[in-house]
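In what follows, subunit A forms one complex with subunit B and a second complex with subunit C.
Up next is the complex of A and B:
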């Protein structure tokens, strides 16, 4: 009998420390059109050494702010203002037994994150916990040990745990965004983290470079560059910078990767007509996908690889079409307006986001893959172009000239929370969201 | 025998002398041109300048010239025409309507002139036709449209007899505008096929 009781204690302890996976997904339904944000409190983390050491304080502030910003970026949460908290910030309570949940519920928090940070030389130890203030229960408890330099990575891991617990989806913390910027004097491709931090220049061609496209394993970016004086397609490895070229006569533009394969769809014009072709990553033509005279550009492949959206001028004006890659059947998708381009599939394959010229400026629209339920997401805010869906389907990144120069913006897939992601010198355009980069 | 020798000798002397003197003559004519110019202040000296040559020289009053010093030779004329033709080839763009690669009447006239140059003064010069767009569309579609414009101009020239092997095309879409203005005046300048010697 004593053994049995002991066994229960162990299990309870383990459960108290780890995620409880059953019943977790009813917190946030990412498919629901309701856009109510969950109020969450993230007080300053506690110093593990118990003393209020300056270094610990700096780290604690940095870490708690970092988590707040990351969670804010997802648009699932309302991050509560620390000024309103009832708790004494100098005496934070972090564990289930000591937290006064009533204090938290009073300020409107439904979720609470507590943290404890200890620094020993270059090493960090962080304990992070997520609580449901109403049920007064711990939902997640994690302990991390890492280099002080890896604080960002640790916070991202925990943010990802929170989002996974609440939605069943890992979120966008492991993703990056590729984009074009003119800051160096020429259009070049840059990459940043999902929230616009850590911007790095990816190409240095000193020539017009456009149309970045991520492979589905996140290891390659294909793009078009005038490096050799002609618009050619380049394929560059994200980690080791190795490059190959596809340089047929004429234009080699708008490359897009075939999901799960080292193969691309792109527009080539070496026969004299501008059509979309399927080709290997080394430029060997596999198949010609479109035939119409006139321009066929901007292929976009669904995540299951079965359908292709693309832009064609075959009806007289640029419109979006969908082709079933098995049956070959092509159907026009857009009928409103005279200029609909830049299609991008939702990760689930049920919708397409695109830009349409409407009253003199470009705006972002979403339409069902069957042509139903078109929705306009931007209005009266300059030119909004080049939309790209996040791999979890919750956010759309796009470029906008609403503040004057072209900049990168993000919004929810419902069109809410439109905000600039970052600002660097020059003008930014053509953003493309990466897949989840699990082994960066 | 002596008489014959004398005759042969005199021929031997006279012929080369004549040859030398005629070539000197050419030089003297040129020298005359310079002398005419140089001796503006001293015509008498020029008149008295009777060198021991067999070439006639005459001094001229200051307001007459033997030759027009500014007149171009036939070669120089051709070179100038070629330069003008090349300039015209490069400086005059073929313009297009919004979202169109069709050649207007004006565009066709301009291309006919260019075809003419390409057949005559610029006979063996390779030409690249750049296709451009205004920035009101999106970059991807504009890159395609730019190429259609360049190809449209190229095909017209080929139909007029210009050898296809001399013509290249390239599209820059909206990436290299001529005029950054945001008005129809600027946009219409940007919707162009531009010729370069390459």
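Up next is the complex of A and C:
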């Protein structure tokens, strides 16, 4: 009986415990956050020598402004105005123990970057830290030593660390944009850094030069040029300027690189019909990819190389089609509008951005690879064409005539934050975003 | 009697089976059951069934829109315009520069701090940690629900069909009836009307001895406060509609959040951290309702991005 009573007591205790655990707490569903950029504070960096002199102040301001501009370009962050900071700008605190996080949280910062710069001759030593002001914790701490001329590169590295921490990818700081500009009097290919700085002329053909295309390793740019009076495909090395030519009879246009290979897909018309061909980097034909009666142009390969989007007039008007390169199956992607061209695959391969004629002007559209959820990203802003994805899939670069002359613009993949990247002489068009160029 | 005798006979050896064997059998059986119950109820991530003697609906959908809107023809998906176009944002003509909110000089800011008011910026809503010494704004529960209804009205203002107006007026009637019923009864199903007014509130009163309606109002306050403080950058985090971060918090009687822990994380670190940050920024919450008998109130918060909205 004692055992029996003991057993009953144990059962009752267990039931009592389960009684407590039943509905121990309720749940509240919260599913409508406010969409906004992450507020980040980047005060002027501190002098590592402990003294404040002109040189220190110049580098401090330059470095902190550079970082702010780079992070602002990503559209992830809202860079807070230094005028609103509560900290003494002449006595910035940079380490976890000394920072008053409450002050930073009060002005609305969720992230804080502090820096300390020491300059000894031509040598630059810079400590950079990223803090979470709400948790009052350090997230990243890096120390760099470099030539003073490499300040830009150092700042890019740290910006990349910040973005990597937040998103898991390195961002666009190691990328460039190739584009066409008429600044020299002819359409030539130019290259600039991701934020429009450091613009350099890449071709000097003194002839119409179009359709730049980056190889997946970023070492080559293929383009079409009328250098010899015929639209031929040129392949030029970015670093040593070596060139090879694909000059078949008829037109050789809209080249695009096969991911991971020294091979191209391009439109050729040497058989009389404009079709898309797969060929080696030296111009040897591997395979004919399209066979319709209409014109097939503007191939765009997915990053895994398994699918190709292209423009075809087989239905009567230029529309975008998708072809599975393994099965050969083709299907039409676009049905809205009568003129849809310039497709570009997203890096993830789930979406295609393209240019479509809508109400008399060209605009940028985005659509799922399965043809679902088409969304218009630009409207009532002149002609918007030639969209190209950033390699991390967060931004789209395109050309726009909203100010009159054609310029290069960038926006988020949701169509927000549309802004001009830079302004140089002539008109700019045909932008193409490079892959990440780790060893430039 | 015979059955009872036979049952007790197992323990005193009269059944013929050794007592040790019987005891050992029961102990092993009990241990197995205890482990099973423990695994079922204490394993992280397991969503415990709510043992609620007064089950009520988890009413998320507030407004019923008319059915049968004409869709796109087969094979031709309807074209949507991005939010950027709908909002008609102005294009910046120069490379992006650092934005300048309203200028506030430092002496002014310090004076404002002393007066314990939040600094206001032109562009962003300042996210300030509520200073512990600042006076708390007492929010009437009915006013809170009215505010929630007003917010929802704003959302559908532009293209609101008449059926939506009818739906909102029906909900207002329900709330009015619920408040009236609350005065006379204090228990029962009227809580469901209040719960229906604010999405995301699940049933139960957390085991307190308070009327269900009052605790649902408190949960609505928690929901409203934390959602207001939850900021999310879709550019960073993306729009992962299936992702869910579940955090559990303990709220003391004075509203202070004494513990925050993850019950389950989403695969999106940014979502997890933004949810954690939202809770920290909401500390302290409104005090627990008077009469709540337990030392603290523990509640689970499920953060998801299915209802993303723009500022």
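One rule holds in what follows: the second predicted complex is superposed on the first by the 405 of 440 C-alpha atoms of A that agree within 3 Å, B and C clash if a C-alpha of one lies under 4 Å from a C-alpha of the other, contacts with A are read in each partner's own complex, and residues count from 1 in each chain.
The definition used in the following text is that a residue touches a chain if its C-beta (ideal position, glycine included) is under 8 Å from a C-beta of that chain, and two chains touch if they have at least 3 such contacts.
Keep in mind that this is a model prediction, so the values were computed, not measured.
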Which of subunit B and subunit C A:317 touches, first, second, both or neither: first
Subunit A residues touched - subunit C or subunit B, whichever exceeds: C
Contacts of A:270 with subunit B and subunit C, given as first, second, both or neither: neither
Which superposed partner A:386 touches (first subunit B, second subunit C, both, neither): first
Which of subunit B and subunit C A:251 touches, first, second, both or neither: first
Partner chain in contact with A:342 - subunit B first, subunit C second, else both or neither: first
Subunit B versus subunit C as contact partner of A:402, first or second or both or neither: second
Parts of subunit A lying in touch with subunit C, wherever the complex brings them together: 1, 3-4, 7, 10-11, 14, 17-19, 21-39, 68-69, 72-76, 78-81, 83-84, 86, 102, 105-108, 110, 132, 134-135, 166-168, 195-196, 335-336, 365, 371-381, 394, 402-403, 409, 411-412, 414-422
Touching residues on subunit B, where the partner in the complex is subunit A: 99, 136-141, 143-145, 147-148, 151, 169-172, 175-176
For the subunit A and subunit B complex, residues of the former touching the latter: 187, 208, 210-211, 224, 229-231, 250-251, 253-254, 267, 269, 272, 274, 294-295, 297-298, 311, 313, 317-318, 339, 341-342, 355, 357, 362, 385-386, 429-430
Residue numbers on subunit C that touch subunit A, as the complex places them: 8, 11-12, 23, 26, 30, 33-34, 37, 41-42, 48-52, 60, 75-85, 89, 91-101, 103-104, 106, 109-110, 113, 119, 121, 123-129, 199-207, 219, 222-223, 226-228, 230-236, 246, 248, 269-270, 273-278, 280-281, 298-311
